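Next come two complexes built around chain A: one with chain B, the other with chain C.
What follows is the complex of A and B.
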């Protein structure tokens, strides 16, 4: 009897330990498998097209839109920002390197020295400050235009977030993961509820996209964000995070807060291997 | 019997007086101040675990229950302020409980 109890207890502990040490790699495999089983006909890269991968009619409308995409003008504005020298004569290339196509695939990444997740937007403003320029706003406007240009230049390159074997990096990943799966707000809804368990379903008139592939196309041009008083349509991933949190009636965190940076770390890692196709168009 | 009637009359008189005496504004104010203190503490507690809900005090919320309660009290409408603080208290406590319950959230697959 004693042996039996010991055996059961060891088995229980082993199971708990396995669950506790389920690392990023295992998470990614399970995440991928979930979507492959849920949408067996969809190719991996097509998940980057969001709801347009799930609905044939919406896809047709989107393909029409892509013939003269509304984000084109902002890609050009971003190029101008990239090429315009700062007052000190330097430019963004002095911070990021001359090849604009290599910038976007580096983000987000773990900065060991700073002990935090670094995002593209964070480094854009860091570069501006270092060169005596005024930083951009975090969610829309110039920061999204420059992001759109860098995304456009990186089209076809694959997302490749690395989670280093560093306890702090793993903690940031785990925090991002927890944020993603935690229900929040008055509506008691998690990111995962819409984008893992119910993609393809509708919320009012909107078709829910899969979490797999979402970070590939940010910054995006959203028709909703082009309405009067909302901006020119362009917005960053953190702007969208804030919008989602607001919609479930949770108080949104600030763009580039630790919470959203960690979320971006986890969220983008889950789409590793997918092609960057930013900027995207979304309703 | 006479005594009984007198006692009954006296009781009626006391109850009547109580019912017709309006609550002093000062006591409403005290109630409001206590409720505000409790509500603010509950909101801070919810915020400390990232569990604050949108409509309590977020600047872009159309409702902003907590600032609206403070405004109502400033205008002397303590009844409205107390009603709003009740909502704040409930939402803050619920947000905290939700965040605690989701502390170990993870995938269901």
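What follows is the complex of A and C.
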């Protein structure tokens, strides 16, 4: 009970105080200004390069890596998945349209009829099921390969999440925002603590990236995810959310849970106008 | 405790004794070493995640380096309170509340406090 109370106090109050006075547009302006003032001289799109935008040495190593990026093979696998017909003869194009470059920029979006935030991964599995195919796993493997291809095809297009003036959509946005700013886990740390208040600084050896620009390059190839037992290196945004929740000893939510979809809605909206540069490489 | 106070007939002495029990004025070398271990251990205090501390490897730079602590915290109880719950001094602190969230036990916090105070 006591713990509940502290959680409510630390998380709830701070969020409601700001909630009443600002809408998405004002939030975005403040968010942008914060990073522009904190990192003068960094171009908006460069925030999409995470820690590599903030540290010259890391940037050099990363640029070397980008000569022969380890995600290339997964972009190819994703293309194959996109092009291979289902057993019924149709393919992903029957759900998403023929132009693969136009898919990624539509996500995430508010689905008025369903009353929920829809993600790319959600629609990939919806498409598979509608065509009598087995859905992919949510966090890595084929779903990330297809995502990598669709991201690659959409490179250079801008993130443009729309928060419609619909009370339910605004509520989903507010929930995502609250999640982002709430202290969480045994360690009592919020997403914003690490990625708004201390980016550019190091936790142990790791340079923290800005929340601005994080959603531009997912799915991502992460060297750490290419180690034994972790998969082939590729992972979705929700996989990363789970990892960051675990770091503060909070129980992660399920990938594609309402909590993470709403978080993605807020988090991606905050990066509106930045170029998609998926898939990214991270150490 | 009440008995002891009565026997001594002097509350001041009893209080002195009492604090003496919690914070031994001079922590032994073994205790300091134990405190250091807890402070550095990633699964325990992990203070190095954010603070530079003499002798620690791969320290983060989110927080002020922990040095000259006796001049910063002449009162060891205040240092312990900061470690026990950093959100009292700064409600928005990123520093985990080691005691309030039971990240460390009371005994472990005593050991870490002694070690940090010795820096």
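Everything that follows uses one rule, which is that the second predicted complex is superposed on the first by the 263 of 283 C-alpha atoms of A that agree within 3 Å, B and C clash if a C-alpha of one lies under 4 Å from a C-alpha of the other, contacts with A are read in each partner's own complex, and residues count from 1 in each chain.
Criterion: contacts are C-beta pairs under 8 Å (C-beta built on N, C-alpha and C of every residue); 3 or more make two chains touch, one makes a residue touch a chain.
Because the structure is a prediction, the values reported are computed rather than measured.
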| item | value |
| --- | --- |
| Touched partner set for A:252, first chain B, second chain C, both or neither | first |
| Touching partner for A:188 - first (chain B), second (chain C), both, neither | both |
| Chain B versus chain C, judged by how many residues of chain A each one touches | B |
| First (chain B), second (chain C), both or neither touched by A:112 | neither |
| Which of chain B and chain C A:197 touches, first, second, both or neither | both |
| Which of chain B and chain C A:25 touches, first, second, both or neither | neither |
| Which superposed partner A:224 touches (first chain B, second chain C, both, neither) | neither |
| Which superposed partner A:168 touches (first chain B, second chain C, both, neither) | neither |
| First (chain B), second (chain C), both or neither touched by A:126 | neither |
| Touching partner for A:34 - first (chain B), second (chain C), both, neither | first |
| Contact residues of chain A, present in both the chain B and the chain C interface | 186, 188, 197 |
| Chain C residues touching chain A - in the complex, by the definition given at the top | 42, 48-50, 58-62, 87, 91-92, 94, 96-97, 100-103 |
| Of chain A, residues touching chain C in the complex | 6, 10, 14, 186-189, 193-194, 197-198, 201-206 |
| Residues of chain A that touch chain B when the two form their complex | 27, 30-31, 33-34, 177-178, 181-186, 188, 190, 192, 196-197, 245-246, 249-253, 259 |
| Contact set on chain B toward chain A in their complex | 47, 50-58, 60, 91, 94-95, 98-99, 102-109 |
